[in-house]
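What follows is one structure encoded as structure tokens, with my remarks underneath.
We just call them A, B and C in the order they show up, numbering each chain from 1.
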Amino acid sequence: MRISTSAADTMEGYNFAYLDEHTKRMIRRAILKAIAIPGYQVPFGSREMPLPYGWGTGGIQVTAAIIGPDDVLKVIDQGSDDTTNAVNIRRFFARTTGVKTTERTGEATIIQTRHRIPETPLRDGQIIVYQVPIPEMLRWLEPREAETRKMHALGEYGAMHVKLYEDIAHHGHIAATYDYPVIVNERYLMRPSPIPKFDNPKMHMNPALQLFGAGREKRIYAVPPYTAVRSLDFEDHPFETQRWEHACELCGATDSFLDEVIMDDRGKRMFVCSDSDYCLARREKQQPAVA
Amino acid sequence: MMTETPLLEIQNLGYRYGQRAACVDISFDLFPGEVLAVVGESGSGKTTLLRCISGQLRPDTGQVLFQTRASETVDVWAISESARRWLTRTDWGFVHQNPRDGLRADVSAGANIGERLMAIGARHYGNIREEATAWMNKVELDTARIDESPSAFSGGMQQRLQIARNLVSRPRLVFMDEPTAGLDVSVQARLLDLLRGLACDLGLAAVIVTHDLAVARLLAHRTLVMNAGRVVEAGLTDQVLDDPQHPYTQLLVSSALPA
Amino acid sequence: MKNIIEINNLSKYFILHTQGGVNIPVLEAVSLAASGGECVAIVGSSGAGKSTLLKCLYANYRAQAGSVRVRHRDGWVDMARAHPREILDVRRHTMGYVSQFLRAIPRVPAIDIVMAPLLATGTEPDKARVMAQALFERLNIAPRLWHLPPATFSGGEQQRINIARAFAPQPAVLLLDEPTAALDEANRNAVVELVREALRRGALLVGIFHDHAVRSAVATRIFQLRPAGVPL
């Protein structure tokens, strides 16, 4: 099942992509600065959006600032195109811009995401926009904003390993599975937003531009194309991604991030790709042209 | 050995809070391995002095010169903030009166000790843990409790943990602000003995701010007496305590319980 | 023999600011020179300043006038003027002091107290331990006490720990403030033996000995002190 919208149901009375042009320019300036200083959190004047905080207002503002009439938009939440959050945001942009939307990673020029990076490798010219709840990785270590900024300015990140040390001390391995800290371009410590650490290696040297927006916290940051992104670790406890003993029970993929789905009240479970587009595309390839 | 260069040189240091002078024209030297006590009542300016010389509070006047482990003399308030903060994690330690100010309450004892090592680049978990265990031993903490939170420790244990957390980077100079003030007398004695042994074994230099003359007598080679922001008397600790010259020191010594 | 200490016109008074600035003179123009192999017994009535003189020698008290020179590292150090670090160096390498009461850190075992000055001057720990134990045996300190902190010891036991600590590093100058006051006869004799041995190796001892028998057994010279302000 594929959903797509067209300009047919565009709303009247709103500027293109909802935000006014001055606001978009302000956000684009913040984005340009963020691209110039990979991993650095640029403050911006976050606006009230017609969605509550926590629903991706940061990502929406970034997308609104960069989207043009020729763009093709894909929106995913937890890898899926058809969850409430993804559907809402996609419809929001379809109605306020009239741009074409898609579920196919390869067709999209802009992908707004919450919690995942698509399995299909991104390519030159694509932009991925992450929704970020809390951008400051050092917050747990140091509650004072003035002090965390100083730590970023001086590159004082050594103590970040304390968090990983605690994981190993208590669990025997680094137990953090998502929101796993990275160093961008060997300079700034960055919070990758709550993507699984499975996706961390995809950020490294990615051909696509990666933009991060935090609406409530009023921060934008970026990883430009082909930029080094290194996950923190210890020499004797190197960074590792999750692995599954199962293959996807729908498409048979062994290289994708799997969700465990409870099937009924008796606890029957199945493992399926979290990236619904990837899974569907594989199945379509296996049984061509059912439609 | 008498021609050795000082580790720390304080020259004409002054600090004011508005109209009130907290430190006036203070100068002294500290040599490697030397323990110096700064005694005086609350409000005498001793804690302000400690903060000025330990890189926490920029003095209005004067200089703080420190000889780094690379044998390079730096003006603590003229170097970059980054270099100054590096000093505080490597060559220096700071033991707070209240261990809660000097410890991370939400991570384990081992992580508290290991933090400095990680902050200066240690990236081998096994080595960090080994070092943390060794330091727990040195400060007489039960190594079986390495993964416990400091909040599960008694006051004396927290203070020893704070000391281990500071000494793990092998600082050459440790600043201490009333390190024994919040502790029971018997716990104090144990801590003092530990500090003395560590200072001796590691060749540590220390500046200890205390209002307790017994602490000065047990730990310090030399003592400075502060009153109303000025150093009114300085010398060998036993000289200052047994043969005080300045009226204020005489008052201080005669008011103290026998030490 | 060469002089090891030279005291010239030493004056010491105390001004008690807490008591209206009253001036208490204790030593007035005291001079004394002594060389290695001597045991100088300071005598004088109570209040004549015998302990004060020892404390000025050790630089525990500051002199108001005059000089207190001690031969140290091929030179002279004026204990009345020297920098604290120099004074500590003299105490570490040249001069020992047996006070009337043991002042030690709580919790530190007796053997560690006696080993400390040896370790401070670079003696190997094993050798220092053997030396400390030998002194304990000579001073009849029961082995069960060696590894206990002296806080709970009797007065006599504490005094002997004090003596062992001062004698262990074999300093060139030893100051003794009533070293045998709390001791029984057997232990007094042990101390007398230690003093004689120190004299034989060429040390200078300056002491206050209230016990006549001890004094006559060890003193090679009597130095009479009179209370300051009292005419000869």
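Points to keep in mind about this one:
In this text, a residue touches a chain if its C-beta (ideal position, glycine included) is under 8 Å from a C-beta of that chain, and two chains touch if they have at least 3 such contacts.
In this text, all values refer to a predicted model and were calculated from it rather than measured experimentally.
Seen from the Cα centre of subunit A, the chain whose own Cα centre is farthest off is C. Comparing per-chain C-alpha centres with the mean over every protein C-alpha atom, the closest match is chain B.
With each centre defined as the average position of its C-alpha atoms, the distance from subunit A to subunit C rounds to 78 Å. Averaged C-alpha coordinates put the centre of subunit A at 47 Å from the centre of subunit B. The distance from the centre of subunit B to the centre of subunit C, each centre being the mean of the chain's C-alpha atoms, comes to 32 Å. Those residues of subunit A in touch with two or more other chains do not exist in this structure. Residues 1-2, 31, 34, 189-190, 192-193, 196, 218, 221-222, 235-236, 238-239, 242-243, 245-247, 250-251, 254 of subunit B touch subunit C in their complex.
Subunit B makes touch with subunit A in their complex at residues 81-82, 85, 104, 107-108, 110-111, 114-115, 118-126, 128-129, 146-147.
Residues 150, 154, 156, 158-162, 165-166, 168-170, 233-237 of subunit A are the ones that touch subunit B when the two sit in their complex. Listed in rising order, the residues of subunit C touching subunit B in the complex are 14-18, 55, 59-62, 83-89, 105-108.
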